[in-house]
Every structure is written in structure tokens, then in C-alpha cells.
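Consider the two complexes below, in which chain A is the common component and chain B and chain C are the respective partners.
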Partner chain A sequence: MTSYGLKQRFSTVVVYVFLGVMAFLSIFPFLWMVIGATNTTSDIIKGKMSFGASLLVNVNTFLTQVDAPLVFWNSAKITIIATVLTLLISSLAGYGFEIFASRFREKLYTLMLLTLMIPFAALMIPLFMLMKQFGLINTHIAVVLPTVASAFIIFYFRQSTKAFPHELRDAARVDGLKEWQIFFLIYMPVMRSTYAAAFIIVFMTVWNSYLWPLIVLQSNDTKTITLVISSLGSAYYPDYGAVMIGTVLATIPTLFVFFAMQRQFVEGMLGSVK
Partner chain B sequence: MSDVTLRDVRKSFGAVEIIKGVDLDIKSGEFVVFVGPSGCGKSTLLRMIAGLETITAGELEIGGERMNEVDPSQRGIAMVFQSYALYPHMTVRENMGFALRFAKLSKEEIRKQVDEAARILELEPLMDRKPKALSGGQRQRVAIGRAIVRHPKVFLFDEPLSNLDAELRVHMRIEIAKLHRDLGATIVYVTHDQVEAMTLADKIVVLRSGIVEQVGAPLELYDNPANLFVAGFIGSPKMNFLKGVVESGSAGRADVRLPDFGGAVVPVALKGDAPAAGTPVTLGIRPSQFADDGDAALPVTVDMMEHLGAETLIYARSAASDLVTIASPTRPNLQIGDALTAHFPSSGALLFGDDGKRIY
Partner chain C sequence: MSAISQRRMRPRFDVNGWLFVGPALALIATFMVFPILHSLWMSFQTGLGVRLSFGGMKNIYRLFNDPLFFTALTNTFIFFLVQVPIMLTLALITASLLNNPDIKFRGLLRTAIFLPCVTSLVAYSVLFKSMFVANGLVNTILINLGIVDVGIPWMTDPFWCRTMIIIAITWRWTGYNMIFYLAAMQNIDRSVYEAARIDGVPTWARFLHLTVPMLKPVILFTTVTSTIGTLQLFDEVATITGGGSAGGAAGPGNSALTLSLYIYNLTFKFAPNYGYAATVSYVIVFLVAVLSFLQFFAARERKA
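Moving on, here comes the complex of A and B:
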């Protein structure tokens, strides 16, 4: 084998070892979670890394301690409404920023991007006071509202809209479509993969959101799955088996959404940087 | 009635004026081609007729009605775009019938009109395919079909063949010419390809920097260009421009001396009086005008040759290194570096003044 061939083989080995380590680091928490769901609390604390026989016991404990249908329904309701509204409002804004020129467009856009630099911790108190004034504390609307105009998703849609062929809009105008019809009948279907990628990002963010729901959702009947899992884990004698079962169940919807839209997600991410 | 009239039409983007006052009359059924180099404003002018760009000043009439503020869909136009602009999520049938849905036609009527257009363009086997499953030529036919179904007063084509390969471009060019003959519609067509302009147009509008340089029939522009720009733009290979000085002149004739070509004197026939002796001028000679029996002669040296089969292009230089292109219908036995006396009939030479305008 030539020295060039050896070099090639060595670099391939290095790449694969690196990828293997990164893949393991990514998968390990999931593996630990699934194994933990089959073990007792003491086994989990001891760090046992093999499947146990306590799955049904843990499931039973979880279902006894938690009103699972209610908390999953709360999470699902909030996530689906917030995701649909975020995609609709942010994509409209992103489309508008890219398509319609005005004197103030770029200034306004820069101002909007600057809001990405404000940490959520700085917004919590004003947001809470705002929600309180509107009488929305302890309602799901209070969780949904602050997410629907997302600066990041607007940015993402504006960047993606750069790849949207402007001649399609011209053709639609000649065909007699109004601006809102062009958006709903041409832009949305054409940008399907961008929407799919944004759907996954927003869905996972809202489904996993913890801090803001913790602040505004105060009664048990409004709480989401992430809050409930957290409260299970912070009990005086936490049952980690039940926590793991809750975590596994809470992960399933995000995995389902990701795998269902994986192809469009990859296309969307590629489209956004072309 | 599908005349199109433009009166002092102007377009500005901010402080920059792109279209600087265009006056144009396009008769019903006429095939008019806007031609000019990149950035001359030809596509902007077409988009203004379509209603996709606002008109800053001036009047646009289609079929005798003022259209300046009318919505694109209400102007009685249909447009074919360079990139086809087919809706990628719709089938060919849906693409072609889409505008008719918004014109509130019944499903039966839409089907009938789409089928008729598909028959004319031989698209029947492709009706259920999506654009990504079509070739470039097929996509362009669908785009034309989408325009046909609307029965517009005026068809607008924006460089429709630019994305096609050379062979397909020739094929589609013939298709568009046939379509014009069959439909008898008014067509406004934008291209930067002067061969397309020459072969398709009833009337060519040559634009430069937002100004109409000349309007006329293709051969009129070829034979009688109004200025150096039109003379250089129309015709391929490009017309030769030779720097000269009027040596002497009288009514109907000017003797032009060409200092870069050994002081050769060419008698040029004029309709009017010749410019004063000593006036700097430019002599225009088409490459195809060079012939063995011409009365004028230029001493040159062969620099380069291109054998195209039907003709040979000889690129030659004068002693002062001025380039002359000669199109020979034969296959001359010449080598690079050979001295050559290029003859041409002086009656075919055109004279241009220092300002670039033709001296008649």
C-alpha cells in the first residue's frame, strides 16, 4: 500500500472513531433513561447499566402518582397550538421581511434580531407581570403567547425565503391571486420542507419547555409533562424508576415527530443555507 | 383589439431612472421583440406592460384602455417567464388550469380549455406529471400552455428560451413562430439573442440604457441601422467599424479615406450632402459584404480563421492592428499570417458620424 493509501485509511479510521464517540455520547442518555425505566430507584442510584425487571412496577407507580392522560393532553394541546401559531405568524413575518421592500425594513429586521440577545431570565418578570395584568396566569394561553412570534423562526423563514423563486409570485399575480392567496396557495406548499424543519424545532422547544410553564402554570390540572416529571424527581423520596418511565413516555412524541419529518427536516436545513 | 400603446413611459427606482421615456405602438397581432444588452431595461419594460412593475410616468394602453393602475390579471395579458415559473407542487393540468380557477370558470370549462391547449402543444401524455418530471423543453411548453388557456389579448415572453440548450432553443423558436401564426395573437417578446429577434419578429425594438434606439422590421434594422449601436447589435458576426476621414464629398457621395488601412479611399453613396472634408467618420461594412468583385479594397493580414462549414470566418488585421471580420461563403486556401486584399462593394458600406448617428 502506498503512503497516500495509508494516510487515507488512517484519516478514515480517525473520522470513524470520532463519529463513534460522538454517537455514543448522544445516545448514552437515552440508553440510560430506557435502562433506568426497568430498574428500581436503588439500582439507578448505584449506576446499574443493565435491564432490570421493574418496568411494570415503575409504570404502575407513575400512573398512580400522575394523572397521565391530563398532563399529556395539556402538553399536546399547548405544543400543537403554539407550534401551528408560531409557524403561521413567524413565516408570515419572514416572508414579509424578504418579499416586501420598505425604507424601514432592514432597521426593523436588525432590531428584531437584537431581541435574540436578550436572555429569557431578563424577560421573565416583565412577561409575568404582563400575563398577570391580562389575567392569564394559570392558563395555557400564557404559555403559548410568548412563543408565537419567535425572532429565530422569523430569521429562519426570511433566510429560506431567499431561495423562493420570485417568478412564482409574479406568475401567481398574473394568474389573478391576491397576496394572501400567494402565501397560502403557492409559498406554503413550495416551502414545505422549510415548514417541516421549523415544525420540528418549534415542537421540540415547546414540548420540552420548562421554566416559563413552571412560572405561569400553578395548579395541578394545568401542568405539563415536563413540570410533572420534575416534581416527581424533587419529591422527598423520589422514585427514579417512575421518573424514567415519565421521561421515556415524554420523549416518544418528539421522536415520532422527528422521524416522521426527518427527510423534509434535512431538505429544509439544506435549503436554508443554499 | 389587442393593440399596445406606450406614451412617454418611464420607470425609476429611487433616484435612478431605468426607463427613460419610451413611445411605442404595437399593432394587434404583431410579434414585437425587445432586444438589447443586459441591463438595457427590456425586461423591466415588459414587466411594466404586465403590471408587475409600476409605471412611474407615462401612459400604457392595451386594447385602447388605460392600464397603468390595473391589476396584472385584469390586463388581458399572459406571461411566459425565463425560469418557466411553474408551480412545483401542481401537476401540468393543475398548472395550466390554475388561472382559470381564479377567473371563476366551471370545472368543465377549465378541463375543455386545458385539453385544447394540451392538444395544440402536444402535452397530452404529460398532464398528470409534476414539473420536476419534465425536461426543459416540456416545461417551457407547459408554461406556454398556461398562457394559452387564458386566451389573452397579449402574450408576454421574458427570455423564454434562455434556459434551453442550443438545439432545443431552435426547436422552440420554430414552435413559438408557429403558435403566433396559428393564434394570431399580439406577442411582446424579450430576448438578448439577436438571432431570435431576427427570426421571430415582425418588428424589433432595440433598447439601450432605457432608451429606444430604433424600431423597425428585422431586415430594415439590418440594412438601415440608425446608429452605430444598432448596426453593431443587429447581425452576426458583428458589423465591422473602420475609422476614417472624409477626404472629399459632394451631393450623394463622400470619399472616405481609411488611414489605418494604408490610406485606402472608399466612395460611399449618400442620399444627402456629404460632410465637410476632414470630418472624422466611421465606415460600417458587414462581414458578409466582402466579395472578390468589390470595387473597394482593404490590405489586411490573416490573424485567425474559423471554419463553420457553410462559411468561413476570417479575422484579419490592418497594418495599424484594426480588426476586420470577413465571412466567406467559400473555403479559402489561406494560412494565418497571409497577406490578403479584402474587396467589398462600396455601395454596401454605411457611414456614421462622430456622434454615432448614421449619415444618410
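Moving on, here comes the complex of A and C:
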């Protein structure tokens, strides 16, 4: 019996050690980032693991190399516009497909879901040429437009609409509400949690997107925070002090959204590839 | 006409339905369907820049004689054949340990392990690059622990460069996959475990013979999605090796050149060769299509 107890205690210790190490390794790069932001580049590349006194110097270097307010504003503008438009257009479509189902529309829906299989690598060249033709290179519209066409978010809304109570809609129709009124006045408020989860999926995707903005945003005044970090960081001898400031700035909004909406965040992540 | 009778009659062409789905369908047609067909058309064309002419099978022929393409294909396969199993095993073990309600600080541990998911691919790549520099943090720790005598050449040796990228990707996505396993485990009846425990089935056997079989559909699902993700690997390799924007090879001996990165380079870095780049991109389309069908069958099995 004692040997069983000992074994039990031993395995409990192993479990805690394993989980502890996993949690530590997961958090560590965040610590490294914050500590790095206070150290000089030469300390960072030596692996110094304690806070230094160079925070202001790094901020200063970052600000002289990067028009930070503009870059941050670019990222924020693209993210907000793309997120609002995606949620609006996709929820309209998801609702439309579920409520006004018809045979033909069902076929279109299946075709639309097939676009989920298209890897972005196969789209980037023709999309680039398309944007060039429209004269949209170096504009934020070019970043937003392909993002808004999201078959996945439509799918997500349609799946959730199955849980939208019929009685509500029928009652509203009896009351003489028009279809668009039902959508904006009843559906939207009722489906808050679906919107929240979808918001997180789109927000994370757009804020962190890299490849497509890299292709269409070539002039410095249009660049986003992700592009700036990448160009600072991929230099042969990067100024890591400044880079750390950039990564902190880029991570703050997503961390904030994560901690503010943790439950929906996990829901969104689980839903994002259903 | 009252609203109810309107619904019963169901006009053959109802305007409302089309108004709701129209904008989305128009956008998808313009920015997904048209480009993918355009790129199929381009894949049969050759020439530089916008001066393209029909080349028939020339691009396919070039593909099979292009050593860089095979390097990129091999690297992409190495990344997912090594990285996906390591990451999913870790995620599965972590999830099954965290699923035990007796674990203290469960929520805290789960949040911590999930946290890497909030970082952008570029941001964490830069962070990892800074930790793995020649005389940097990771090498210092390894030397101090006595694991190695001299620093590992993370940035200059093909093997170690890939290893570092695999470590980075594993860091970013393990918690993400763990969440899927945790969600699936909530649906498993705990009494099955209790019964096995009382019968004296050891922990590892419970894991191997109970947890894994019951999670098979989710494991299959995460395998497919991770593989598709790895097939499109770009941000990490471009940022860590500088192969995407600063010029030069993607890692020592192009050891981190992936298919996506190669397509990008063909299009935007070398003399722009849209036609051939489109052909390479269809290799990814093909691989993803095959995997998606696998996933489809896996999902059907899940329902059955």
C-alpha cells in the first residue's frame, strides 16, 4: 500500500513537472520580449535575462526608424474596417443561406465551401495582378477586399443560425417587420456570442496577416506593424532593442482581446477550423 | 398579403434571399474563384513579367527539372513529417494531463500553454530568431547546462536551422491543438476512466488504449489541418531566414525554402515569372485537395 502511495505521489510530481515546464516554455518568449525591450541589442544577442535600463533608448531608436503612430494606425484601420465588413457581409450571407434556402442556393453554398480548400499561395499572383489593374497597389482597400470574402465565416454564421429560434422570426414577421429589420433588430442582438467568436477569428487573422500585405503594401507610409517588425527583424544585423519594442506593440492588442474575451477566444479558435 | 401566407407561398425567385447572400457571393467570385481560375490559365503560360505567351506543358517540364523546386518540396515535407507528429503528441499528452479535474491551477496552466496562439507569426519568429543567435540565449543556456560544449550553429547549419524552425512552430501551435483535444475529451464519459482505474489499468495504458482511440477523429482532423498549414508555411521561414524580403538564400543551403516562399520569390524577387510560379502554386493546390478529401472522409467516419 505504501509503495502504491509512493508511486502515486511520484507520478503526480512528474505530471506537475511536465505541465509546469510546458507552461514555462510557453510563457518564456513573452518574458524574453519584455526583458529584451529594456536591454541593448548587444545584451540581447548575448542572451541577458535580466531587466536593463535601455527601454527609453530602444523606444527612441524604434521611433526614429519607424513612424510608429502611422504604422499602428494603418494596422488598426485595416483591422477594424476588415473585421466590421467581414462580420456584416458574412453574417448576412450565413443568415441568408440558412433562412432563405433554395435548391439553387444550396448548390452555390457547396461550391462556395470548396473555396475553403484554395491555398493562398495559389491566389497571390492573380490577386496581385487584379489589384494592379484596379490601381489599388499601396492602398489599404487592396488588403481589406480579399479578406472580406471569407467562405469560412459565412459557414460559421450559417452553422450558428441553425440555433436561432424560428419563433422569434415568425413573431417578427407577424408584427410586420421587414426581413432586413428582422436581421438587424432581432438576429444581430440575439447572436451576440457568435459575433464575438467570429470577431476574434477575423481580428486575429487580419491584425497578424503578413504575406498579402507584404505583397500589396510596398510604400512605407502604408505599412502595417507586422510588416515593420519583419523588415526590422530580417536585417542581417537587426537592432533587436527596437525590434522588441515593435513586437511588444504588435502583441498588446491581441493579448488585450485574449484576456478581455477569453471564453469567446477559445470558442473562436475551436470554431476557426471546424 | 400577410407575412405568414407569404412564407407559405415561397415565391420562386425571392429577392430577400439573394439580397442577403449577394454581396458575399460577389466578393468570393471576384477574389477567390476568378483568381484561382486565372492562375490555372497562367500556369500554362511562359515568359517574364506581363509578356506571357501560351507554353502548353513547358512549365510542367520545367518543374520536373528544377532543383530548387525539389529543394522546396523536400523541405516542406521534412517540416510536416517531423514537426506535425512531435507537436500533436505533445498536445495530446498535455491535454490528457490537464483533463484531470484534480490538477491544481488547471485554468492557469491551460491559459499559459494556450497563450502562444495570440502572437503573430512574424512577431514570434523574430523573437525566436533573437533567442537562437550564435552566442545568444539558447546556446548560453545549453552550454551552462553542460548539454553542449560549443554553441549550436542554428543559423548556419541546414539541419539546425530546420530544427530551430520546427521548435518555433511547435511552440506556437501546441497549445492551439491542445484546446481541440481538451474540447473533445469533455465529451468522453469519465466513468470509463474510473472503471479502468479501479480495474488497475496503468495510466499509460489508459492513455494509449482509451484516450487515443476515442479521440481518433479529432486527431485525424488536427493532423490534416496542421499538415495543410505546414504546406503553406511562409511567415516563419521568411522572417527567420530573411529569405522573403532581404534577398539571398532562404537559410543555409536554402534549407528553409518552402513551396510558398519559393512561389513568392519567383513572383516578386527574381525576374517575375508569373506563369511558372502559378504552376508551382498548383502543386500546393493539388496537395491540399488530396488532404482535404482525406479530412472529408475522416469527418464522415466521425459521424458514423
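Definition applied: the second predicted complex is superposed on the first by the 231 of 274 C-alpha atoms of A that agree within 3 Å, B and C clash if a C-alpha of one lies under 4 Å from a C-alpha of the other, contacts with A are read in each partner's own complex, and residues count from 1 in each chain.
Methods note: contacts are C-beta pairs under 8 Å (C-beta built on N, C-alpha and C of every residue); 3 or more make two chains touch, one makes a residue touch a chain.
Remember, predicted model here, so these are calculated numbers, not experimental data.
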### Query
Does the superposition put A:146 against chain B (first), chain C (second), both, or neither?
second
Exercise for the section: Please work out whether A:176 is in contact with chain B alone, chain C alone, both, or neither, and reply first, second, both or neither. Expected result: both
Name the contact category of A:190: first (chain B only), second (chain C only), both, or neither. first
Quiz item: What is the contact status of A:82 with respect to chain B (first) and chain C (second): first, second, both, or neither?
Solution: neither
In this superposition, the partner of chain A with more touched residues, chain B or chain C, is C
TODO: Report for A:245: first if it touches chain B alone, second if chain C alone, otherwise both or neither.
DONE: neither
- Message: Contacts for A:216 in the overlay, against chain B (first) and chain C (second): which applies, first, second, both or neither?
- Response: neither
Review point. With the two structures laid over each other on chain A, which partner does A:49 touch: chain B (first), chain C (second), both, or neither?
Key: second
- Task: May I ask you to decide whether A:168 touches chain B, chain C, both, or neither, giving the answer as first, second, both or neither?
- Result: first
Quick check on the superposed pair: does A:129 touch chain B, chain C, both, or neither? Answer first, second, both or neither. second
Chain A contact set shared between chain B and chain C covers 170, 173-174, 176
Per the touch rule, the chain C residues reaching chain A in their complex are 2-4, 6-7, 14, 16-21, 23-25, 27-28, 30-36, 38-39, 42, 50, 90, 93-94, 97-98, 100, 103, 108-109, 111-131, 133-141, 171, 174-176, 179-180, 183, 203, 225, 228, 231-232, 234-235, 238-239, 241-242, 244-246, 259-260, 263-264, 267-268, 274, 277-278, 281-282, 284-285, 288-289, 292
Chain C partner, complex, touching residues on chain A are 11, 15-16, 18-20, 22-27, 29-30, 32-33, 36, 44-47, 49, 89-90, 92-93, 95-97, 99-102, 105, 108, 112, 115-130, 145-146, 148-149, 151, 154, 170, 173-174, 176, 179-180, 183, 204, 207-208, 210-211, 214-215, 226, 229-236, 238, 240, 243-244, 246-247, 250-251, 254-255, 257-258, 262, 266, 269-270, 273
Per the touch rule above, chain A residues touching chain B in the complex are 165, 167-168, 170-177, 181, 186, 189-190, 192
Contacts from chain B onto chain A in the complex sit at residues 47, 50-52, 71-74, 77-79, 81-83, 85-89, 98-99, 102-103
